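Before anything else, here is the set of structures, which you'll find just below.
The two complexes that follow have subunit A in common; it is paired with subunit B in the first and with subunit C in the second.
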Partner chain A sequence: MDLFSPDEHDLIVELMNLGVGRAAHALSQLVNDEVLLSVPRLEFISVPEAQEAFRKDLPPFLAGVLQDFEGFISGRAALLFPEARSLELVNAMIGEELSADEITELEQETLAELGNILLNHCLATLANQLKQQVKTDIPRAFNSSVSELPCNLNLSANDPNNTLVMLVQIDFSLRHSALRGYLAFVIDLQSADSFLLALREYLAELL
Partner chain B sequence: MLNSSDAIATSLDDILDNIDCTELLHSLDGGVLLLDRQCRIVFCNRWIAQHIGLPEKDLLGRTLAQLFPGMLTPALQSAIEDACLNRMGRLLSYQLHKRLLPLKQRTAKGELGALHQSILLRPLTQSELTLVQVQDITNAVKREQHLRASERVLRLERKVLESIATGDNMEDVLAEICYTIERLIPNSNSAILLLNEDGKSLSVRSAPSLPAQFLHRQRGLSMGPGGTTCIQSIQHRALVVSPNLMEDEAWQPLIEEIKRTNISACWAQPIIAAYEEPLGVLACYPQQPAQPNETDKLLLQRMSNLAAITLERHKRIERIRFLAMHDPLTGLPNRSLLNELLGRNLRRACREGNKFALMFIDLDGFKEINDQHGHDAGDDLLSILSGRMTDQLRGTDTCARIGGDEFVVMLETVQSVQAIESVAQKILTAMSTPVQRGQMQLQVSASIGVAIYPEDGMSADALLTQADDAMYKAKSAGKNCWQSASDLGSEQ
Partner chain C sequence: MTDSTPLNILLVDDSRIARLTMKHMLQSLEMSLNLLEAGSADEAETVLSTEHADIALIDFNMPGRDGLELAAVITERYPHIRMALVTANIQDALAQRARDLGMEFLPKPASVEQLGAFIRQDT
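Moving on to the complex of A and B:
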């Protein structure tokens, strides 16, 4: 989708990197250990492309955290992991090594907070840098198969022509483990206009 | 006319319209707060007032930071501000925030205990307020701790079982058992003491985190009245607890030792094999005076069972190894072990430039004993003679039975032909001395052929052949004598 010019695209990548960097700093302080996060890839895709990409790129079972947001952009954001590795991430964060097959309610909550911190920082950084407002709802942890994912993300509820998906790869690197997850921002296109406007204003100010 | 589902919806609307929301919030089993943009409390439910321990009126209009000065973590503080001011929804989970609000609750025993919680901060859409939900997850935390503890036991148990199954070194498995106990009973050291062959004393076999001198000092703890905790546990076949060693009479002779090793109590669980056979003791030494609780007791029992399996398996393997390498009748090394020892001795003699001797010994008149008195008599005679033969040798020499009445003696090193002669002579005498069996006297003699490394051969095969040939020379020379392979040695 060529909604954004290369400059605008680069700016979004930069802002996302700034956002995950701040999230990493917040997480490092919480767990008293170094957490590194980076964004190797970011793309804007349409709903059908997103569905195709999920099928192709994501493992069959996912664990994730959902959070709705509203403001200069509105929609739903999700942090997605291969289900098998989400517990590993939580364990690495809290410095335990529980090998229970099922994630317990406490781990579920920890995972939700992890996603919460990450998504809040990304959205808040985007908003602050672009001098915009955004507010977020509370996070919800969920497990889903890849086929149920569009439903969880509310992809089909809206008119697919009016929805844009920002898919962000995100690499976690902790002292003893490293894993790759995805951030998916399902953005209402009406709000994408204000996003675009904000990006252009920001870039115009730079020049 | 309304259909039934419409009727239900209408009446539900009526009910909801008439519900007193405040009362509903007060009746919730969990904390609810409403904060304004300045983070001030504009509402709190009864649960919050109860768990903070202040009446509602003292809470309203104040921020949580004012209520708990200096007690809120920066993470909680900034999350509250972020939610109230910037409208960012937040979840603060227990695992990432062990300390949230300093709320207390009475435990079943009536004591005031910390309340484990997670907090949700939800900026409301219809107003400027932020809803704070405090969830009491104390029970979930307890369940989880329990789950973790039992899973840790299971995982460690599996690790021990795996290393037993894969035939890991017994020392490693025993050390693993000690480590497991030390991990699950914090601030303790652990040791495994084994019953010595005399069945009357104990020696430390594994104590991976105790100082080395502990291993030596505790060697050979003797049985008897007034024995230490470990000895008593063997005698009683049950867990014996000495909760405070400083005040324990039996431990007074070891008082310096326990001070140095920083141990204060001893819990001794006997390791019992099948048929109630005691093998040793699994000891846990807490660093503070203490009694084991039920979980500790269960752990010690499970670990001592694993230790028993490990030790029994080790014994069985040793037994199988022994049987594969020894003659079952006399207990002497068999041909396989002889070959192994001979090979080893050859390499050493070659390396160090030593001489050594092989004696091929065949009994004279043994077949007649078997024919006249039966195989039982023959077997008894062989057992006795093999014992006599071993008695003539040094500990480092080897006597092997390689056939019915054929033996090979290997003198590990020899300095002179005279020394060989002396041993050969002693063996001849020992063999020809009659054996009393009931009313009967059984008597045989021996023919011995001697080969010397390196003069008579440089390989095991060559030396054995030379010694065998020399033995036949002795037979032809009239038996009950010894012959050397080369003619260097003097003859009887």
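Moving on to the complex of A and C:
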């Protein structure tokens, strides 16, 4: 999908790099460990392509957090982890003084808070850099199979031909744990117009 | 304020995990603190109607009224309470709105040092 020019695409990658970098800093404070992140891989793809990418790239069962956002860019963001590894993150965040049962009990709330922090850092950095504002909703933790993911992301409810998926994939690496995490932002084409305008205004000042 | 008088700190966040994380950090400050908790703006008002608080650490994005709406009420009714907005929403515009209300703005997760620096202004 060639909605964005090469310069605009580069700018989005740079802004997401900045946002994810800040999110990584936040995550490192939460887990008290060094967090290494790969360079984000950014793709703008259609709904069918997104469904195919999820099937191909993601593990069969996921633990994640959904957060709706609205403003110069509107849609739904998701932070996704392999379900089997999510308890490691929870354990790292809330410490070892809790029992395994307690950690399991707190998993959903912990993931929601983690998603709140990571997704907000990405979206807020994007908004700040582009001198725009975005309002984020309350995060919701969920567990699903990869086949149910499009439904969780509201993709099936939208017109597939009128929805653009901005998929950002990043790899996490902690000192004591290695797991793959994904960030996905689903935006509609109407919001992509104001996103595009903000990018062009930013570039006009820069170039 | 003397060392023997604990500071009463109200933590307002809809996330139990966020409150738990903040409590761990505050306890590591080795200060005499009495921690109060609320999971919403409404709950915070209920707590404040019966308990004295010196400081309030308030999340922004909560079900019902947000942190700034709560802060406006606290400013009016309890002007002695020092407040910080502790939020992952690090947008400049939001930080400015918080400062306009006289609040400190602490990006979430706030570090122990950041929390300590804010709280010690009152000690």
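Heads up, the rule we're going with is that the second predicted complex is superposed on the first by the 187 of 207 C-alpha atoms of A that agree within 3 Å, B and C clash if a C-alpha of one lies under 4 Å from a C-alpha of the other, contacts with A are read in each partner's own complex, and residues count from 1 in each chain.
Note that a residue touches a chain if its C-beta (ideal position, glycine included) is under 8 Å from a C-beta of that chain, and two chains touch if they have at least 3 such contacts.
Remember, predicted model here, so these are calculated numbers, not experimental data.
Peer 1: Output check: A:T136 vs subunit B and subunit C. Expected answer is one of first, second, both, neither. What do you get?
Peer 2: It touches subunit B and subunit C both.
Peer 1: Touching A:T104, do we find subunit B (first), subunit C (second), both, or neither?
Peer 2: first
Peer 1: Should A:R22 be classified as contacting the first partner (subunit B), the second (subunit C), both, or neither?
Peer 2: second
Peer 1: Looking at A:N32 after the superposition, I want to know if it touches subunit B, subunit C, both of them or none. Which is it: first, second, both, neither?
Peer 2: Touch status of A:N32: no partner.
Peer 1: Using the superposition on chain A described above, determine whether A:E113 touches subunit B (first), subunit C (second), both, or neither.
Peer 2: Both partners.
Peer 1: Taking the two structures together, which residues of subunit A meet both subunit B and subunit C?
Peer 2: 29-30, 93-94, 106, 109-110, 112-113, 116, 120, 124, 133, 136-138
Peer 1: Sort out for me which residues of subunit A touch subunit C in the complex.
Peer 2: Contacts found on subunit A: 22, 26, 29-30, 93-95, 106, 109-110, 112-113, 116-118, 120-121, 124-125, 127-128, 133-134, 136-138.
Peer 1: Could you please specify the touching residues of subunit A with respect to subunit B in the complex?
Peer 2: Subunit A reaches subunit B through residues 29-31, 67, 70, 90, 93-94, 96, 98-100, 104-107, 109-110, 112-114, 116, 120, 123-124, 133, 135-139.
Peer 1: Within their complex, state which residues of subunit C touch subunit A.
Peer 2: By the definition above, subunit C touches subunit A via 14-18, 20-21, 24, 61-63, 87-94, 107-109, 111.
Peer 1: Which bits of subunit B are touching subunit A when the two form their complex?
Peer 2: For subunit B paired with subunit A, touching residues are 75, 82, 86-97, 118, 120-123, 125, 137, 140-141, 143-144, 147-148, 151, 155.
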